[in-house]
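The structure follows.
We call the chains A, B, C and D, going by the order they appear; numbering starts again at 1 in every chain.
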Amino acid sequence: MSDDWSADEMMTVAAARQLRDKTACFVGIGLPSTAANLARATHAPDLVLIYESGCLGAKPQRLPLSIGDGILAENADAVVSVAEVFNYWLQPGRIDIGFLGAAQLDRFANINTTVIGGTYASPKVRLPGAGGAPEIAASCREVIIVVRQNLRTFVDRLDFVTSVGFGSGPGDRARLGLRGDGPKAVITDIGILEPDPRTCELTLTHLHPGATAEQARAATGWPLAVADDLRTTRPPTAEELTLLRQLEASKTSSQAGAGVA
Amino acid sequence: MAEITSLRHAVASLVHDGDVVAMEGFTHLIPFAAAHEVIRQGRRDLTLVRMTPDLIYDQLIGMGCAKALVFSWGGNPGVGSLHRFRDAVENGWPTPLQLEEHSHAGMANRYVAGAAGLPFAVMRGYTGTDLPENTANIASIVCPFTGETLTAVPALQPDVTIVHAQRADRRGNVQMWGITGVQKEAVLAASRSLVTVEEIVDELAPVPGQVILPSWAVTAVAEVPSGAHPSYAHGYSERDNDFYVRWDAVSRDRETFLAWMEQHVLESANVGRQT
Amino acid sequence: MAEITSLRHAVASLVHDGDVVAMEGFTHLIPFAAAHEVIRQGRRDLTLVRMTPDLIYDQLIGMGCAKALVFSWGGNPGVGSLHRFRDAVENGWPTPLQLEEHSHAGMANRYVAGAAGLPFAVMRGYTGTDLPENTANIASIVCPFTGETLTAVPALQPDVTIVHAQRADRRGNVQMWGITGVQKEAVLAASRSLVTVEEIVDELAPVPGQVILPSWAVTAVAEVPSGAHPSYAHGYSERDNDFYVRWDAVSRDRETFLAWMEQHVLESANVGRQT
Amino acid sequence: MSDDWSADEMMTVAAARQLRDKTACFVGIGLPSTAANLARATHAPDLVLIYESGCLGAKPQRLPLSIGDGILAENADAVVSVAEVFNYWLQPGRIDIGFLGAAQLDRFANINTTVIGGTYASPKVRLPGAGGAPEIAASCREVIIVVRQNLRTFVDRLDFVTSVGFGSGPGDRARLGLRGDGPKAVITDIGILEPDPRTCELTLTHLHPGATAEQARAATGWPLAVADDLRTTRPPTAEELTLLRQLEASKTSSQAGAGVA
């Protein structure tokens, strides 16, 4: 890993690069929102940002601090009800890319954000739950998952399936009637995993500069498939880093000032 | 027509022990002051309904007002866990909390069905997840025209819904704008409703993006300036993000939490902002 | 993203013989100019969908563009009958017209289902009337939670929906306000869409009550000033009520009708207003 | 009939009087709209007018010429989508009174506005159809029908049931799952008919000044039940007539001017 940028910065830049201009992107708060706004500031000025709070075509001037940050409503093309976001915009498959995080992820890119350990009724750790994720995972044309890679997260078996990636493998999405294509990439702080077109199993296809396949294997709770033509992610450009840091700074300054109002 | 009254009177007359209570507001316009009044009046055995439980339900749960929670995402947005919610689920403190867990899409559609006077809503959702086997209120339904199988969820019909809005006029018509979430549906789905507002004005000047709740669809309106704090009221106040960060430490420990609630809610008069 | 183009080109590329075509606008913002272009281009065998057929469909039907009509109220509002519609139903002139008849609530819900990507919608309606036995697309459905029987109607999914709006910006985002009926749902339910607008502007200044159709949800936008005449465009023009009254006499007789259409539509350039 | 007012004026005034203040009324265009606006101008200033075009709490300054007249949107409490009017406002039973007309009406106040004569597929007269009426008749708490009384309209048997009054008699509404109470009164140019509480059959309970029961019987296509305590409608007051004529004049003048814009 270079001294010039952090692993999280590389992860965010790699995620931003996944977003094509003039597509519609369903954005969760946190890293997905940072990545989507970075994409808008760099190669995808006409990226349409959709937040589940009801903001279609949001154009925040700083990074939003929450999914219902007022700045999202201010320059949005439209602000609609939460029911409308899900029913008229997400459900019919109008949204090109959905961005998800995960507390646990398995080799078929299924996601758990509900409970860890114990039973559902009496869990060891109670996580926030589903939010918009099950339907984002089902209905966006493609899904990108952004998550730090480690043994706590990359598990052999999920404690709870909150959102479906490829289920138990090829054909499962069609059998379940899920209309989007499913996960296209998992962006981590180590590299990029993509589903094998034949088996649907997540395969390490890119390593970020400085990272190693051994490091990735050691951070994965199943025998990690590695692509024959394993590539190295292009490092963040100076422009990407500058804009990313400006975005992060805008968030911190607004956070510091927000209690005054 | 809506009665314009005090928050104290409205909560006393509309919220009863054992009620199904929805308080909505998606990050924006969360009715904190009304929730504090519910806590002060010592309501018990409530079934709390809300898409995003947030700090407002962390407080109600930690103060022992709730026996059940119907929700879709329970966290402190941008900060982390809801510690009182977790303590109730993981350790049964101060009382066990029964969960009914949905996705956002499911909850939103349940309110839509409630508002529309239908017993259920049809959607595409939940398929392949572990939610249906842990949540009773999710079923399959077959399209009578195409034979396709879809998902059904039952209507939410709270005994009372509480929301916060920017303004009402003196006849009780309510106006809100900015991110308005599922508030309209939540109010229309309920048997009774209480809307707290930043101010009561003579005339509701039209605002782009406004949602209007006509007076005759609302039970009571109470003027509670800053009644959404620490969330925000678009055009009136900004979100107190520091408070959300500070809540993590306050709520992590049972005693610290109780002391904070004692000082800032129980001993407090009916004011909107306690920090 | 929507293509900004001419009305002639948009109709030629989006509307084909045999298509299911919805033109909506509830009294307000009826896309007359676009319908006239469809007539001029000689489209045939269209299945026309519209809650309130109005003069616009009287003209399309009388000119032989339609083989079927899906609707809920077919009259000349405030004046009387649609004579071309009646002549087609009662006498098969100029060609027989197959009817699929619903209530307003049914049609609105069918568009909602189409916009939501669902195959059907659930409602309370039609019960006890003679509509279900004469309309194939009405079915019963049982609530999986309560056992109650309700009514199901299938989604409307037009090949193309055409509406008129006040404004679009140069990126193709569409803005309409005033009475906006089912236009949003009709556009979202369709495979393709055409929006004619009073004017294309640099910036869409927000207007209270506005409905926005984002550019990426629209196929084509064409600037057609007065494109809703003789209906009206709130903020731009008033309804030509005299025209609606005069239409009764024009349309009552086949020859008078044909002569009028020849002079005012077929020989006319692409202009919005013909009286 | 007096020289001082027309039968239509008496009918409109009688209809207006049926509307209680501070209730919500679903208004159709034409005579119902005139009556509702007359009620608002006289005894019911807080009557909430709801038009199926999406206008909730409309306060037109003149009589609207159509159900989607722009004047309805201008001072309305809210303008919503047509789907919302039916789904969120009418269907759940929030609306107190629905006002309907009829091309044919039977003794149980069932209504036909679809076809007359022939068959459905090949009718003698094709009428406009259902519009909002079936669900207004089903879901408003009460329904008032305003219609001129004659043998063409008051028929023994409908050619088509477009909207249900009491079906074939007592208990039918409950059996069909219709949640409103059904027709409360039929206001005609001769008098007022109300359903018999026991049989649900329309019974003449009021005659307008100057009208006779014989006249009503002669205008009815079934043996008309007449109340024992048949009363006479209170004639229009000077205020009612003045305001009604002002409303009608406002409509005519706006109609004359509307083509200019």
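Note that contacts are C-beta pairs under 8 Å (C-beta built on N, C-alpha and C of every residue); 3 or more make two chains touch, one makes a residue touch a chain.
Predicted model, so just to flag it, every value in this text is computed and none were measured.
Pairs C-D and A-C differ in how many C-beta pairs touch across them, and the larger number is found at C-D.
Each chain gets a centre from the mean of its Cα atoms; for subunit C and subunit D, those two points are 27 Å apart. The distance from the centre of subunit B to the centre of subunit D, with each centre set as the mean of the Cα atoms, comes to 41 Å. Along subunit A, residues 87, 91 each make contact with two or more other chains.
Touching two or more other chains at once are residues 117-118, 123-124, 148, 184-185, 209 of subunit B.
Chain contact topology: the protein chains form a pattern that is neither a line, a ring, a star nor a complete graph. Subunit B makes touch with subunit A in their complex at residues 26-28, 51-52, 71-75, 77-78, 81-82, 85-86, 89-90, 101-105, 108-109, 111-112, 123-131, 134, 148-149, 178-182, 184-185, 209, 232, 234, 237-243.
The touching residues of subunit C, when paired with subunit B in their complex, are 117-124, 137, 139-141, 143-146, 148, 150, 152, 154, 206-210. Against subunit D, in their complex, subunit B makes its touches with residues 1, 115-118, 173, 184-185, 188, 212, 214, 216-217. Residue ranges on subunit A touching subunit C, taken from their complex, read 22, 24, 46, 48, 56-57, 77-78, 87-88, 91-94. Contact residues of subunit A toward subunit B in the complex are 29-30, 52-55, 65-70, 72-73, 79, 81-83, 86-87, 90-91, 114, 120, 122-126, 128-135, 138-139, 160-164, 167, 172, 176-179, 254-256, 258-261.
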